[in-house]
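Two complexes, one shared chain (chain A), two partners (chain B, chain C).
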Partner chain A sequence: MYWGGNPAECHPRHFTKYTLMQKSKFLPRGRKDRTMILVDIRETKSGGAADIFLQIRPGKDFEVLTILRAILKGQHVNESAIAETGLTLEQLTDFIDRAKKAKFGCMFFGMGLSMTRGKHMNSAALLTLAAELNAFTKFVAMPMRGHGNVTGADVIMRWQTGFPFGITFNRGYPRYNPGEFSTVDVLVRGDTDAALILGADPGATMPQPAIDHLARIPTIVLDPKVTHTSRLARVHITTSVAGISAPGTAYRMDEIPLPLKPALKSPYPTDQEVVRRINEAVARKSHWIPDGGPMTILQR
Partner chain B sequence: MIRITGGKIFDPANGINGQVRDLCIDGGKFVSSVIGGRTIDATGMIVFPGGVDVHTHVAGGSINFARAMTPEDHRRTTAFIRTQSRRSGLGGMAPTTFATGYLYAGMGWTTVNEAAVPVLSARHTHEELHDIPILDKSSCVLMANNEILLDLFEAGDFERAKDVVAWYICAAKSYGVKAVNPGGVAAWKWGKDAKQLTDPIEGYNRITPGTIIGGLAQIIDELGLPHPMHLHCNNLGAPGNVWTTLETMKLLEGRRAHIAHLQYHAYGGDDWDTMRSASAEVAEYFNTHTNMTTDAGAVLFGDTVTITADGPWQHLLYKLTGRKWGNLDVENETGCGIVPYTYRPSNLVNSIQWAVGLELLLLINDPWRIFLSTDHPNGACFWRYPEIIQLLMSFDFRKECMTKLSPIARERITLPDIDREYTLYEIATITSAGPARALGLTQKGSLGIGADADIVIYEEEKDIAKMFSHPRYVLKGGEVVIEDGDIRATPEGREFIVKPAFNPDIESFLKPKFEDVYTMSFENYPVEIERLEHVEVRDCIDT
Partner chain C sequence: MVSRRFILNPSRTAKQGALINSGKDTPEYKAVVTTLTMDAADMKEMGIESGDSVIVRTEFGEAIFQCEPGKCPTGLLFVPYGPPTCKLMGGDTDGTGMPTSKGWDVDVEPVPK
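Let's look at the complex of A and B:
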């Protein structure tokens, strides 16, 4: 089941390599042995691959998920509540019946679920549905991540700081608060007086006040290409392309690391080399937290 | 060059029990004498070999998943502040990598064994291990639910299975083999478990948990891995599981084995209401069968997060607690589950678990065969080891703690009747010399000439927990890393690996299999040796 995502266009290898077409020991006929349900607010190219398409009203994801959980637990659901979702009781009951009968169910959810009305509450509702289905059969759920190696950034920030994103080090140790310390919030508030941009193009995607602030402060961009952000940056360092002319590691959506093996040579340095040299130069400056201060602090 | 003078030496590997000796260090190792260099006056202090943790979860996909699931704990815990010589980090239930190194070393532990690594994500684990400073590390790969291996067992192709195991260890750049709930994690892909050692596993006709355990133990002995099979038995955590544990131990007669976190496998009774301690039965059998070692997997009351490859157990724990649950299925290799958990003295089951861990440590009479562990972070976090040492060394303190338990709980345990108190020599054995020997790391856990100069020096004091929490000095590889409660140096640690021999033809068998069952190409799968820094390849042994 895919919810609020369009893998046919956004993750074009997902059906063929992972979820639908592969033949396997227990699913020897490949696609014929699987059932695919797509849930979205409009029909996308992914609909062509689906056995069942459930078109829900925009902004009603949380309600649909909650009704599905109620049906799973055999609770009564008001007809008026169902009518608002754009689906019928038959469709919803059929969904649950099929899910319970499945030998192994997978749910994938995209930004159509996680970034629309309800946001993380929607993701939580879907994850809870998947968890509760395990009372009947095996079920798992996974977000459909985007943008290159965003998973790798998450994974490494977690082992080094405990948190995936939205982190500040302004007290000398990591603190986490999405909505306060997320890049976009820090920029919109004008809380930063310099920016180093790596593997991203916020000039193309962030709200205008954030972009305005990036243009105001010394912004340094490491990117193989000219981008919206590099145009407004004070410094653009051209780097080689990871996976094409630079080695490295990319974490797959399921957090499995894959080695990147470059096919070409590049006259440009890698991101890693540039950051290493910046770090070396910074290390020669005096440190803003003097040695001899407290080693640890008990939060709270 | 360093000379440590006047300390009372506790070095079980060399039979030294509290005698005053000088230690000389040069080139990171103990030597017979040095001229010049620093002298550390340890007069009146207690000198131990650096601690060795035989079973912990500090790096890789599972602990990193646990970090993601517990941000609320990170913000109430100790934070390490960045300086020019030290990285920042957070302690708590699932510490960050840098903090893990500081916390272990700060307590005097210098070597750890990461006990559960899926080969598929071994590359990730090594990257995290590299970011744990100071400590030397080894790791065990998860094998007992690998479907390629199970298929070979099903077909009775033992020789090829042996080559496959050796190939996987080399591919993962690992040190040993871990078996978690053999067959049960594979069955979890069907939403099932494997509870009987003699019943066929879901999805298979012939093989049972028993055949996997026997087969893997034989393979590991024949390959001559320095660390025996590291086994997490079936039926972890379940009331009455003592019978599974004893049956498993009987299966292993004539084989080497390390039984992990034995506390979770020593319960009597029929259900949660009738659960009782069965540590006496387990200890009695274990005491007379010297082919095995074990670690306690002790529990302390308080908050923690449980992480294990035992997927079906974690689903049960989620249903019992209603708390957050994370599940990872690692393709055809293994699984993983995460559930935050609070052990409470008011809870009957938790009380029994707390007692069983201590009972096993006290009833198993050979300190060379049972080691201190909490199965970090499952039973408690590793930085709470000093509390367990205090419980082991003081009967009075145990009695005081037992007053918190309910009368029903006190009837279900044998702890009140055990008055054994550990000596410092025995503590040095279960925290360092014993686990080092079980891991086959001959240069660890010893203060003898030629061994790695990993040392912890305590200032003797009455409060045992305080003494073991705050060593005066810790030396790693001859370098002073902790002094007077401060981190003085953060050298990078080494990684121990083994390279067991295999028939190279096994690659032509595995390659087409990969195209069928893996989502990663065969060429990308093995971890490149260049990714590991400071590698030390250990020899396989003649068993």
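Let's look at the complex of A and C:
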């Protein structure tokens, strides 16, 4: 099942390499042994691959998921509540019947679920539905990520700090609080007075108030190309391209690490090399607090 | 000119994704991220023809797009993410770290020819 995602456009190999077409020991006929349900507010190109398309009204994801959970638990559902979602009781009951009968179900959810009104509450409702379906059969859920190797950033931050994003180190140890320490919030509030951008182009993706703040403060960009962000930055260091002229590791959306072997040589340093040299230069400077860093203060 | 309220859903397309790697300064990329898909009946109702410019406003900003008819429910608009959609996006993340990136209430007004 895909919810609020359009893999035919955004993850074009997902159907063929991963979810629908692959033949296996338990599903020897590949696509014929699988059922795909697509839930979205419009019929996208992915609709052509789906057995069942459920077109819901915009902003009604949480309501649909909550109704599905109620049906799963045999609770009464108000007809007017169902009518608001754009679906019928028959469609929703059929969804649950198919999910319960599946041998192994997987829910993939995209930005159409996680970035609309409700946001993390929508994602939590879908994850809860997947968890509750495990009373009947095996069910898992996985997010469809928006940018390349976002999974890699999450995995590394989790491994290093215990948290995936929205982390501050300003007390000398990691603290996690989305909405307070996450990048957009820090920039929009104007909390930060410098920024280092690696492998991203927030100048072409973030809300305008965040972009405006990046232009106000000393922003340093490491990027192989001139980008919207590099144009507003005080310093742009050209680096080699990961996977083409620089080695490294990229993470697949299911958190499988894939080693990158460069095919070409580059006259430019890698991101890693630049950050290492910046760290060495910073280490040579005396600390900005005369008697040491924040940890020293805490230990007193 | 009369404006009308729509729900705008910025999204991704394969063409936009490929053009990000070609370069965001190319005319093709700029054309893709400024092309708004609207229901043909909605376009007719507003007196907009394919290729006409419209100004789209949210409470946070405004941007100009070119309209084209497409497979799209009435009252909804779709446009690939890009610098113009950044201007329409608010900075509040509702405590999640993620700004609301879809489902914006927008006012659309045709640009006089």
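Heads up, the rule we're going with is that the second predicted complex is superposed on the first by the 287 of 300 C-alpha atoms of A that agree within 3 Å, B and C clash if a C-alpha of one lies under 4 Å from a C-alpha of the other, contacts with A are read in each partner's own complex, and residues count from 1 in each chain.
In this section, a contact is a pair of C-beta atoms (placed from the backbone, for glycine too) under 8 Å apart; a residue touches a chain by one contact, two chains touch by 3 or more.
Values in this document were obtained by computation on a predicted structure and should not be read as measured data.
> Contact-wise, after the overlay, does A:10 reach chain B, chain C, both or neither (first, second, both, neither)?
A:10 sits against chain C, while chain B stays out of touch.
> Is A:209 contacted by the first partner chain B, the second partner chain C, both or neither?
Only chain C; A:209 stays clear of chain B.
> Once chain A of both complexes is superposed, is A:182 in touch with chain B (first), chain C (second), both, or neither?
A:182 sits against chain C, while chain B stays out of touch.
> Can A:101 be said to touch chain B (first), chain C (second), both, or neither?
A:101 contacts neither chain B nor chain C.
> Using the superposition on chain A described above, determine whether A:277 touches chain B (first), chain C (second), both, or neither.
It touches nothing on chain B or chain C.
> Who does A:137 touch here: chain B (first), chain C (second), both, or neither?
Only chain B; A:137 stays clear of chain C.
> Along chain B, where are the residues that touch chain A in the complex?
Its residues touching chain A are 59, 61, 64-65, 67-68, 71, 74-92, 94, 96-98, 120-121, 123-124, 127-128, 131, 147, 188-191, 203, 315, 318-319, 325, 327, 329, 485-487, 516-517, 519-520, 524, 528.
> Contact residues on chain C for chain A in the complex?
Those in contact with chain A are residues 7, 9, 11-14, 17, 23-25, 60-61, 71-73, 76, 78, 81-83, 86-87, 89-103.
> Give the list of chain A residues in touch with chain B in this complex.
Touch list, chain A to chain B: 17-18, 24-26, 103-104, 131, 134-135, 137-138, 140, 154-156, 158-164, 169, 171-176, 249, 251, 255-259, 283, 287, 289-291, 293-300.
> Which of the residues in chain A end up touching chain C in this complex?
Against chain C, chain A makes touches at 6, 8-10, 12, 41-43, 55, 58-59, 111-112, 114-117, 119-120, 146, 165-166, 178-180, 182-185, 187-188, 201, 203-211, 225-228.
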